[in-house]
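Down below are the structures I want you to see.
In what follows, chain A forms one complex with chain B and a second complex with chain C.
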Partner chain A sequence: MSESKSEILPPEPEEERSLRTLIFISVFSVIVLLGVPLWFLTTSLYRAELPVEEINNLSSTLKSQIHYDIPFYIELPKPMRYLVLETQELLDSKLAQLSSEHPFDVDYHVSLISGPKKSDLDYQIELVNSEDPNGEGLFISPYERRIVIRNSENVVVNKLVPDFISRVILDEVLKYEISVHQGLLTTNSGFEIPFKDKLKLTFNLFKGDGLPIDWDTSSLERYLDGALENFRTYLDLRVETQVIYFASLNINKDNLIIEDGQYLLTERNLSSFINYSDWGLEDSTTTDPTLNFIIYIPSEDTRPLKVQNSEHNSFLIAQYGGVLILNDIVDNQLSETDLMPILDIFTSQLYKLIGVPEHIESLTPKSPQIRVDIMMRLKIIENLQLAVDNLKSLITLSKRLSTINIPDFTIEHVNSAIENINQSIDKLNSREFVDSLKLSNEAIEESDRAFFSENMVQQAYFPDEHKMAVYLPLIGPIVMITCLMFLRVMKK
Partner chain B sequence: MLRNWGFWLIVSQFSLVFCNQKGSFKERLDFTPLPKNNLLASFNFEIKSDTVNWYDTSSTYSHYTVFPKSLGPILEDTKTRELHLRFSQGWWDSELWGSLPQNGSQSGGTGVEVWAVIEADNKTEAEGEWIHLVNSLSGLFCASLNFIDNVITTNPVYSLQPTSNFINELPTEGDLFLFRSALPREPVCTENLTPFLDLLPSKGKNGLSSLLNGHKVYDSQWNSMSIDVETNCDDELNCHYDLKQNIHMIVNTKRVLSKLRDPLPVPTPGNELRCDRTKKHDAYYCFPLVDSTDIKIDMREIFGNIINGENTVTTEKSRVCAHTVPEVWKVLAKVNDYDSVFAYSEVQEPCYEISGTDTLNIELKTDRSDITLPLKEPPLVVSRSLTGYSQDSGGLRIDFRNPSDSEEVNFVYYQSTPWYMKTYLHTLKMTLTNNTSGESFVIPITDRSIVSYLPEFYYEPMIDRVRPSHLELKLVLPPNFSMRLAYKFDKLMLKYAEYPPDANHGFEIEPAIVTVVDKFNKVIYEARTTPALLTLPTPDFSMPYNVIILTSTVMALAFGGIFNLIVKRVVTEEQAEYYYQQNSPKLRLRRLIARISAKFQKKKAD
Partner chain C sequence: MKILYILLGILCCVAASSNTDDDQKSTHTNNWAVLVSSSRFWFNYRHMANVLSFYRTVKRLGIPDSQIILMMSDDVACNPRNAFPGSVFNNKDRALDLYGDNIEVDYRGYEVTVENFIRLLTDRWGPDHPRSKRLLTDENSNIFIYLTGHGGEDFLKFQDAEEISSYDIADAFQQMAEKKRYNEIFFMIDTCQANTMYSKFYSPNILAVGSSRLDESSYSHHSDTELGVAVIDRFTYYNLEFLEQIEKDSNKTMADLFETYTFEDIHSHAGIRTDLYNRNLSKVLLTDFFGNVQKVEVGNLEDDLLYLAMTNEDGSPKQFSAQLSQHRQTNVSSDRKPRPLNKDSSKENYINLESTEPPLVRKLLIALLLVSTLGFTYTLK
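For the complex of A and B:
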């Protein structure tokens, strides 16, 4: 039987068989080497390469790259210059001591320099001798960066002058900053707005009814010129005022508690006090942070309106602004005398909302200027950390979502963010705090732009699962045929 | 602070001199009965801002008293010196209603239209500010203004010229650029009225604005809402914004009343039908007459609201005025529902000043509603239509008619058409027809004699996906003549993603603007044509997927066939037959059974 079969179906000649294998191999290699890459190339998303290494590097070494010092200038007559050196040594050893107790997160120094201060932003220490043997004391000016140390006979005789100066600097002026660096305190109070070097303040006069009112905006301007002076070095401030009528209460009158003939706003009511949709507080022009201060004059039928447990009839809304309820107005007019106490309250609220540390005895100095300085220096480091964190999140995102595309301009923003971070560190290390703050802000903005760019998250033309479905009629049969052939060739 | 009290006092006295001029606000409402029981209601609100100073960069303060703070910063950020917005709906029937209110200066074409004067150092910067401006306005007015880009924006040359006086008064730091764009497809509705009311200091709570109710305004025959901001300066160069907000609407009183009676339209019952008594009429026959001329209508019926007391914020008392024939129309003011007539025969322009907190309702009453003030004829009548029916090309035809027998009309025709209408201006033909004799003659644009009718024109051809075609013609139409302009265009192909949703509906071509000027080139009348609906070749949108799947299948089939052909062995039929016999499924099965049974027998044997 096998004889007759071979007669009719002779075995295939060897060269034919190898030719067939060759054909198969060449077709197979064309599909694998040319077809598959071409298909991938024409249907894949563009993903520019992120500088992963650089960002990781920056994130791990950020704090160790920062080593800044705060200069204090002291003017002394020549024979007393030795005091500078002695005090400096004492300062260094005290800081080292503090650091060994609770390690600093950055390399932090204080330097005492003999001579007059170089710019308005520097601190000047003045030594004054007191007549009284026990009359040593300290005066920190609230209007300029000047610290007056009054020495007494006792201090001088006991050679305690360097100790006194160093105690003033470390315990009175910079205690808060040092504690934050040691990790003993956090700057986050929950009230402050996300920091940006542009800030818009709106002062709103809201009336519950439609009776016209007039307010003295020029005295408001004059007051704010003084009150905002401390921020002007660091922040670009814009102030807008408006009068809004018919700002009806968001809370139903019947839900208000009446006590002693007064309508009472309880703490529970306060959260819904602001009518975000109707009161014209939203601002569609800018994405810069805005703080809103509202003087609310209730209409006749809900007067007097009181905020429960509030001395000034006012309250603060975290990250948003402050509200003050004014029940008594004369002649539908708010004069300078009416406005001043209100603006005092708003100013203290403003400090809190920007995140300036409060004055606490032997932690922060009374001078608002120095407190603002401390806050801004701490903000630089916070901003840098935030910018780096943003970039790290971008890497995580791009790793996790393989279907989003990464356009070239994302890389541009990432690169310029990194550059800003590095420059900001350089400026900080060379004591140029204002420039450093500006750059750290730009770093955040650039990293935000990189992270939130809309082109990245837009829907791809074919989502991955659709791609497979659409191309299945092509890929299915081809894979089937070649696989079967592959098996047959392998068998032989 | 108190320490410096004396000092402050001095300063405040000084500052009174240089101090801001505070803003002001006034409002007015006009009623004009029109033939066929129509009523034109015109709301007018004027707001003057506090003094603005853009060039003083050291000043970080801006104050808003009555001028809306939602609008001010947008204007300042984008350096917009003049802004005009129009939201309109419906078609103005000039044969029935005469010329447009305020000579058309406050009426827009169907959809949304916006134009602005922006100050900038160069055009690129100005374009950036323009895009920024429309994006900001989009959020403010709940309209799709954010879809405006350079592709649909033009810079008008003769039309829509700025009207602010600051342009002449104040030396500007930068150059001024005029941008204009329109969204003819935008549906204007209630959500656009709410932001309009929010711009007013009275917020629609009292005064005339308390009458405005979105459902009623947009239920009218025709309505146009306009917002105009101009910058004006006094002699001392103290500049301020003038914001004018207007709403004009045509209400058909009979329709309003019947809708109030039956919210759902029902046929008029037989006993209420008004039949022509001179013709046959019974239970089956009725030749209906025109609507009765007996009218009694009040604000509650027209607007759904009554005036909620005087406007407390305004600097002047709000006024309601009626423009009627006092002999037949009676206008009543009902304060707290107590009647008092304020329009009667002796009063030329009857107006009512609103004061006090009492509610006010106005009632219009007549038994001869067909007697109205004589209609003012528009100086020019225009209509525009698309011609042609093919998928790849078409034509545009614009008809103008000068109704006057004695005066010639000088006017500017402005038209911006999208880039996918490829216009061929050399095909433009002008046909002039004498209205009485019917004689007509044709002048092609290539003919020199056209200059006497078309002394000047501006044309900027379109560029694909970059800018629209922008055509402005200065035309002269002799008395008692009609003019027809016609030209051809090609319809271009759009890319898959460029089609809007519901592409088969067609593409709205924005209304053209006609500006009639007098001999001193002063604008005396403005009107818009209707939008045109252009059909473009529209694909089946599942096509790309179908193409991919079909070609894939064909390719897979072809590949399978060829591949098998070259890798499989070729044998003769006998050989195949024999091979099949040896390997047929039946035989294979039998062999398998034999093998298994053999195994079993072997096991048994073991």
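For the complex of A and C:
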């Protein structure tokens, strides 16, 4: 073969042959040293290592790591101090008994501590003796965290004081919390907004007509200060107010039922009462949860407007806010005395929307403080569970979708979420409930950031034939040329 | 052993009966809609009309604009070829201008991409992505997703540049399910071979309908001779025809809607996928997806909470740890008087209790700006 070729072409000079070899080697090395790594770099996915083991561990041991107790302070004269010990023993055995009936999800205790309370956030029990032999009684103050137990002769003589105290604590004050831990109740009412440590409240005065109205904003502020006081320890609150005129009714007047000369809003109407597009309630600047409270004053032609079956002419919209319809206003103004009952209704709605358990006889006490405390403590555990669930779903996701990126950024947030969870558990176990709640919220946010990481977008699906279509024209010519060159070099 | 079986049977019965009770009502508390027209250019007028018609419908039935994500190229209303500038019609009678009032397009023009669509569903955005362009759903949200455009087997073309496959959407839904980002999804797609697009779904609680089978085309309904283009697709047209009769408080169900799908009308075989969906279709209200019916409670108010918050046990007024009025004033600089409340109530009076940033920062910024301008003019010389 080579002989017949040499007849047509003159033999290649030596230097040209070495040049050809040089060209081949350089082309080949460019492909291997530059092309292949470049191809590999641009097509490979970066998948950082998730701390799978740690998260699974945390998920299985979360509830067992939590063991918190609620302190109750009791001040007693020295000779009666033995009562503390006896009551504590009784409390422990009663809780153990309850736990054996329906096991608690976490290790939960109540401790009775002799001495005055350390801060306003602690519970104080006071023992009082009654003159009347059968005059035993109980007063859980709705104003502050104070419980007054009045013992009568009968109780003292029969040595029932520890029993009385423990019954008050477990059956009157903490019953709801215990039932939730036992799994007999759920905290979810379907009305409350998802927990976040920031909350925006808007108070809106809507008028159907254009007659000017004045509302006493300084007393509104004062009422709000009071209404929000119990949430200030852990919520970052922002309040906005607005007045809007000509806020037209979202429901056609002709569709309203007229009864006794009143326009009636039935339950069907209520769910579409809010006029989202016209009432300026939308806020695109914040992603924090928002609750809207609306005072609606209908125009002359739809007055009086009544909410069916509502004593206070008001209603509550799940996860959104509260509405109150006001038909009678005097002198076109809302004074301090007018605002008081309105704000009372809104406060009640606010409690429900935030998720404070309702006051039910012998389940929850009337005291708003104690109920808010109970909600806070239960929220901590819910938040921790949620944060861990978020991390778990991140793991399942990364396992299931093999073409998804996992950047280092995600790992950072995962680690910080885990740290927050651990710290929150520590704080909870050492009775620092407010800090624990904040940390548990931080844990949720961090785990969300990890899950919703901007760079974690899956590559679009490519069918195999598409890959062929991309690679063939690209690789085909290169492979052909290098192969032919290689053959020629080898021949010589 | 027998007793065990009997017990098991009873248990099953109880479970089943409680299940049917739950079937009756949807448990969602909010509604969202994602409406996407994935095509572009004048000749795809009908896709824009499709999507705007649904936009109008869901808005009419009460979903607020902040909960509607509208994605479309938006290049027909003001197209030079449009004989009716600024208007989009979905019928040759031109009775209803879809572009008429208050259209809020969230993603327009070249923002309509596969990546943005996937990011939207999975909510993976940078920190400064605006709220109005995000799908901020939670476990209580029902989502209606409508896609229209040009598609084929297992893909939908996005603006002649790229395509999304059925696998991508299925995976995105799975990510949403994993993160509890929805209660139920109603997926509707009007494109050629549309039924292939939902065939790869594997996440729970998704109800899907498509306009046409594999190897079938979806057809347009009719053309407007003055516009010179088809104005609406058949499948969408007949859906809308039914939905037009629906009011906010309608009791019509999904089953009622699906019964109206006939080959004579649509000219292709509309597909319905229910295997991922647990509820009985004749119990699923259309307003569960197209409307925004909120859970409402009348009455059941607790008294005296405000009074308790305002007063001490002895009846004296309580002192509060934080005060809104103080809060507002402290944000205003000390050398200026606190802003008086706007007593002139003839105007809209919007009191923001949070004030803007302190003036010190502003002064510094102005100083910085001045210095940099001076420096810049100096270097120019």
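In this text, the second predicted complex is superposed on the first by the 417 of 492 C-alpha atoms of A that agree within 3 Å, B and C clash if a C-alpha of one lies under 4 Å from a C-alpha of the other, contacts with A are read in each partner's own complex, and residues count from 1 in each chain.
Just so we're on the same page, a residue touches a chain if its C-beta (ideal position, glycine included) is under 8 Å from a C-beta of that chain, and two chains touch if they have at least 3 such contacts.
Treat the numbers as computed from the prediction; the structure is a model and nothing was measured.
Undergrad: Which chain, chain B or chain C, is in touch with more residues of chain A?
TA: Larger number of chain A residues touched: C.
Undergrad: Between chain B and chain C, whom does A:Ser119 touch in the aligned arrangement: first, second, both, or neither?
TA: neither
Undergrad: What is the contact status of A:Glu336 with respect to chain B (first) and chain C (second): first, second, both, or neither?
TA: A:Glu336 contacts chain B only, not chain C.
Undergrad: Applying the document's definition of touch, where does A:Glu221 land relative to chain B and chain C: first, second, both, or neither?
TA: Both chain B and chain C are touched by A:Glu221.
Undergrad: Considering only the touch criterion stated at the top, classify A:Phe452 as touching first (chain B), second (chain C), both, or neither.
TA: After superposing on A, A:Phe452 lies in contact with chain C but is clear of chain B.
Undergrad: Which partner does A:Tyr245 contact after superposing on A: first (chain B), second (chain C), both, neither?
TA: The answer is both, since A:Tyr245 touches chain B and chain C.
Undergrad: Quick one: classify A:Ile23 as touching chain B (first), chain C (second), both or neither.
TA: first
Undergrad: Quick one: is A:Thr286 in contact with chain B, with chain C, with both, or with neither? Answer first, second, both or neither.
TA: The answer is both, since A:Thr286 touches chain B and chain C.
Undergrad: I'd like to know which partner A:Glu12 touches here: chain B for first, chain C for second, both or neither.
TA: first
Undergrad: When the two structures are overlaid on chain A, which partner does A:Ser402 contact: first (chain B), second (chain C), both, or neither?
TA: It touches nothing on chain B or chain C.
Undergrad: Take the contacts of chain A with chain B and those with chain C, and give the residues found in both.
TA: Dual-contact residues (chain A): 212, 214, 217-218, 221-224, 238-245, 282, 284-286, 340.
Undergrad: Considering only the defined contacts, which chain B positions touch chain A in the complex?
TA: Result: residues 1, 8, 11-12, 15, 19-20, 22, 60-66, 68-70, 72-74, 77, 136, 139-140, 198, 201-203, 205-206, 311-313, 545, 548-549, 551-553, 555-557, 559-560, 563-564, 566-567, 569, 571, 574-575, 578-579, 582 of chain B touch chain A.
Undergrad: Quick one: which bits of chain A touch chain C in the complex? Just the residue numbers, please.
TA: 141-144, 190-191, 194, 212-214, 217-218, 221-230, 232, 238-245, 267-272, 274, 276-277, 282, 284-287, 307-312, 314-320, 340, 343-345, 347-349, 351, 358-359, 366-368, 390, 393, 396-397, 400-401, 451-458, 460-461, 463
Undergrad: Would you mind writing out the residues of chain A in touch with chain B in their complex?
TA: 5, 8-9, 12, 16, 20, 23-24, 27, 202, 209-212, 214, 216-219, 221-224, 237-246, 280, 282-286, 336, 340, 470-478, 481-482, 485
Undergrad: Sort out for me which residues of chain C touch chain A in the complex.
TA: Contact set of chain C toward chain A: 27, 29-30, 59, 62, 64-66, 102, 114-115, 118-119, 122-126, 130-132, 134, 136, 138, 140, 154, 162, 164-165, 167-168, 171-172, 174-175, 178-179, 248-249, 291-299, 301-313, 318, 320-325, 341, 343, 345-346, 348-354.
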